[in-house]
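Both complexes shown next keep chain A, but they swap its partner, so chain B is in the first and chain C is in the second.
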Partner chain A sequence: MAMADIARTAAVAEVAAPVLRVTDLQVAFQTPHGRVSAVNGVSYEIRPGETVGILGESGSGKSVSVGAIMGLLDSPPAEIGGHVYFRDTDLLNAPPAETRRIRGDRVSMVFQDAVTALNPGLTVGYQISEMYRVHRPGTSKRDALNKAVALMDQVKIPSARQRVRSYPYEFSGGMSQRIMIAMAIALAPDVLIADEPTTALDVTVQAQIMQLLTELREQTGMALILITHDIGVVAETADRVMVMYGGRVMESGPTAEVVARPAHPYTIGLMNSVPRAEMKHEKLRTIEGAPPVLTAMPSGCPFHPRCAKRQPECSRDRPSLQSVALGRESACHFAAEVLGA
Partner chain B sequence: MPDVVASAAPRASLGEPLLQVRDVSKHYPARGDALLKAGGVVRAVDDVSFTLHRGETLGIVGESGCGKSTLARVLLRLVEPTGGQALFGDTDIFQLSRREMRRHRRRMQIVFQDPFASLNPRMTVAQIIREPWAIFPDALPRREWSDRIAELLTRVGLGPDDGHRYPHQFSGGQRQRIGIARALALNPEIVVCDEPVSALDVSIQAQVINLLEEIQEEFGLSYIFIAHDLSVVRHISDRVAVMYLGKIVEIGTWQQIYDHPAHPYTQALLSAAPAIDPAERRDRVILQGEVPSPINPPSGCRFRTRCHMAEAVCANEAPELSGDPTQRAVACHFADSDRGMDAPIQANSA
Partner chain C sequence: MISAITGGYFARRLLTSIIMLVLVMSVVFFADRQIGDPARMVLGTTATEDDVRELRERMGLEDPMWVQYQRFIVGMASGDMGDTFRYGISKPLNHGEIPDSRKTLPIAMDRLPPTLLLGGATILFSVIVALPLGIYAAVRPRTFGDRMVNVLSLAGVSIVEYWFALILILLFAVQLDWLPTSGYGTAAHVVLPALALSLRPIGRITQIARSSMLDELAKPYITAARGRGIPLRKIASVHALKNAAIPIVTTIGDETINVVTGVIIIETVFGWPGIGALTVEALAIRDVPLIEATIFLLVLMVLAINLIVDLIYTVLNPRVRFGA
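So, the complex of A and B:
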């Protein structure tokens, strides 16, 4: 990156106001086993053109946290607290008429399983152009279809003009995900949330889709929230990363710094679990045990039963997310030590 | 950047050949009326050859639909091959009668990807593990069963008393440990692992990989380790075969495959894998399009429709897997040319 670019990026990051601000997000569910808390005190903000990665293992609360933003959780059973500001509107507390204009329009989403997310009975062109008919009433049928073709071109579906009349079963997994992306960017959203967009895809197709998402973000200046369990994907795409465990943020910061010098024992454990070339002839240094279940969340630090660094206070006192360096936070009693080590 | 690869001691020379797989194919009739009438077949596995040596791990990588899992099932005759040989010593597994095959199964076991679907939910863990002993009465005297079950459970990291519980009472990683204990019950020589960790969380994957490596040494096992995760395969394998559309396109030691990939598909596949460490990132080759259908695979080289090096000859002639399949071999017309082939990885550092 040239010096001028760095200066410009820094300037943009400072000047542009966050487009989405999540503060103290809480999600709990009423279940037959009582009330369980799935997301606890998650806060972050994202600026135009930025990519924030949410990294964690299954059940850590990644999908539930964005489900709350998008209004996808039924309540009951979900109980949602905190604030999600899109510019000045609090999506969790504003009247439905207002949030409807934002969700699916200014803030849109792609899911892991594109193949089941598409309606098998309707042509892909119809499904893409529906975005205009629903959110932009007054768009003519013909206009909407032309826009669908242009979008299919933009997401690099070959022979878009012919394939606009095809049905989802005629598309592979990778092509279906492109159609979902076309639908998600149809209204030029300010924020795109991608929940494991490539997990169901092969690695060479994953590379194509990640390249597409990055290009679209660069072209449009939209902000991208990328949910994944793959540290490699986060490391290559996200400007900043949030590592989640047991519904809480364990650490957050600029991705390059977090992977180079993690400030939380869980992040270290996660990185050690991925076999690297230089560990070929060694045993992997694993995290013992398994991620917690919501009905039996450990006391104190949620990671303490598996943590190699734990001390007696770890099972008693819950560490709060504290600043450990410029732009970096960690929820560990010994964060400074971990970072220094 | 320190040359980590060169400093890592390669494993001692290969053991004796244990399983020799020669020209194995599995073709399925194509589904769908039109294709069936046209006599279409799905060439799921097409003329695959390799040798597995005693004590080694042969990794098999490739993307979905390349035929990895079909190959695993054919080798265990869970599905019948269309052609070829699989020589275990002097015996061709494919020629065994049903009864002989049952006896043979003792020597070759499989661990499946899905720890949820592969264990009978109505059986206790102890029943699951001892089931094969009931089939082979000479395998273990009945009075030793309960001790051996406790021993196996402990070995795979479960509690000795966990035999009384049912599979649904365990997490995914624990269920995979049960599957491994079951595979070990008959003291097999070969264990085929078909995506054994891909359904598991990253932190649990690492535990199971360590376990597989430990028991390999202890029990003197040879592994055929099938997976799509390239870093997992590099970690566990001595040699690696890369499959594309039913064929092995390249086979070699892990160093040859990962440090000097010679087939354009291997190069593209490796370059597509996201890396945590910027120093491990390769110059990405983004392949155009997607894997074609195995029903009417491209003529000549099956990779040619996506290959940046393809020339006329690639459409006309199928490249053979050159060389000796126990050694490094590459199925590309230009494998020996210097057109970007056999180049060491370009770390895009700085």
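So, the complex of A and C:
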């Protein structure tokens, strides 16, 4: 299975040009306590049909990085640098009128908490059909509503024809997330960003939503960026993974390889803190300490205060992201040793 | 099913309105019998006690209080609130026009259309001005435009309206001679009183529209809508406004009620032949049945406005239909 994944990733990589290229993304915020940096030099690209997982704890900058891509950060206070190319358009620097047409249409997003991300005052039918009315001017109200019903069927909402006139509060959390997904895939986007799409849901519903997203990606050939703190979800669905910590990329590479042989102590820590069925009487292992606050970022490697393998230089020199194997990078001074261990 | 629940809700609201009406009118009934002797007012200080008592008897004021009260309640229910004291006794009311009837309720109803015209024009104008101002300020907070809107709306709620009315008359009627100082009949006549009355509603509605739009624009569903590429104009005017509407509608309702009470002064200032001016006339001559009829209609208007506001709530917030 792992080999098949690697083979598929390689095949995809050879065939298609990237649909989204993020280069040296920087996000900082002006706060009363000074300027704080939330995302620092994040680069990646994604090709059609590919799934990239962005893995990290809260505060790692994973959500902020996609907020910048989707134009959701107000500046001020946000200061955004770098480039995000969708095909040939730089989403960070192109005129707002141009990027607005791409957002929701070619690049769309599913939010963490669907219940608050849906407008409580408008019917779900209106909100889904609005995608066509806004991005496909000339679509009649009736056409758009019929398409909304079809989409609700596609995301497996029972009796869609009746429920199209319902308000969000009449739906469960899982059903609300399906409606968010319906809106996001309405115009068959090239890139779908899912920001913790299952965090607010019950475990059984989580699996259904992940399965739905995977199916939709397979049907449409869209690229999927999956943001999560759950390494299990990444392992199951993502072709490639990017591990973030303190606004920086700690490690990246094909998921199967990263999970099999992590190249960064933080990744090891994340994997060890996953509860397993066989560890009945063992205490759940966690990473000591807490993620850094943005206003007090540690010197050197941002992870060094919590790192089991830290050496004196870790607090002095910040390790840069280096290639450690084919298609794999790690930002650890001792990546080679970690990988070899 | 929804309409059945809504129907029950409105039956309850209607019942409370009727109870409110009876309570308010009862206060009016007892109060207006304490503001001086209407018979003495008619006959003057030189009349004998016997003459005054005889007139009081004819006015029904010598009957026991509970008999008068019973007559009053039955009168409201049957739509016959008695005869005016003054008409037929001395000069007719209504600016020299002879009313068809001595019945107070028809006399008061005759004065309703001018008041509805003035009140309607005032509220319509206020909403047309205030809503865009409030939304404009909310979508660009802390900018120069926002601050200007803040200053203007604060001025609107702070300036006393009858003073403002006099300034308007001085400027536009006396100095510039663009508009008539007072009276009724043409479109030009409605401009100054409506302007004077709309000052406060414009200020209040702008303030509430701005603050409730600001609240809504900060919510996650707005961020999500931006992520879907929905134009800012549509986000503000559809997505945020739909949810900000309830406090705005409440304020429009409150201000409409304020206009209903405000007409009492403004109609007198501008010689506007509405129900407010008639109320003042009736009070001045202690015409008890006429006072009761005019106030009855004013209270009825206030209660109707509240009911309409409630009705709009159910349209705006789907959850109200199911709740209590």
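Throughout what follows, the second predicted complex is superposed on the first by the 319 of 341 C-alpha atoms of A that agree within 3 Å, B and C clash if a C-alpha of one lies under 4 Å from a C-alpha of the other, contacts with A are read in each partner's own complex, and residues count from 1 in each chain.
FYI, contacts are C-beta pairs under 8 Å (C-beta built on N, C-alpha and C of every residue); 3 or more make two chains touch, one makes a residue touch a chain.
Just so it is clear, the model here is predicted, and its values are computed rather than measured.
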| item | value |
| --- | --- |
| Three-chain arrangement built on chain A, chain B and chain C clash or fit | fit |
| Chain B versus chain C as contact partner of A:271, first or second or both or neither | first |
| Superposition-derived comparison: chain B or chain C, residues of chain A touched | B |
| Touched partner set for A:294, first chain B, second chain C, both or neither | neither |
| Three-chain overlay, vertex chain A: chain B-chain C angle, C-alpha, nearest 10 degrees | 80 |
| Contacts of A:167 with chain B and chain C, given as first, second, both or neither | second |
| Chain B versus chain C as contact partner of A:130, first or second or both or neither | second |
| Partner chain in contact with A:150 - chain B first, chain C second, else both or neither | neither |
| Which superposed partner A:117 touches (first chain B, second chain C, both, neither) | second |
| Partner chain(s) touched by A:71 [first = chain B, second = chain C, both, neither] | second |
| Closest approach of chain C to chain B (Cα atoms, Å) | 7 |
| Of all residues in chain A, those that touch chain C in their complex | 70-72, 100-105, 108-109, 111, 113, 116-122, 130-131, 134-135, 167, 169, 180, 183-184 |
| Chain A to chain B touching residues, read off their complex | 57-58, 158, 172, 174-175, 202-208, 210-211, 229-233, 235-236, 256, 259, 269-281, 283-288, 290-291, 306 |
| Residue ranges of chain C in contact with chain A within the complex | 219-221, 223-231, 234, 238-239, 242-243, 245, 316-319 |
| Interface residues, chain B side, partner chain A - complex | 4-5, 8-9, 63-64, 171, 173-174, 201-207, 209-210, 213, 228, 230-232, 234-236, 254, 258, 268-269, 271-278, 280-281, 284, 286-287, 289-291 |
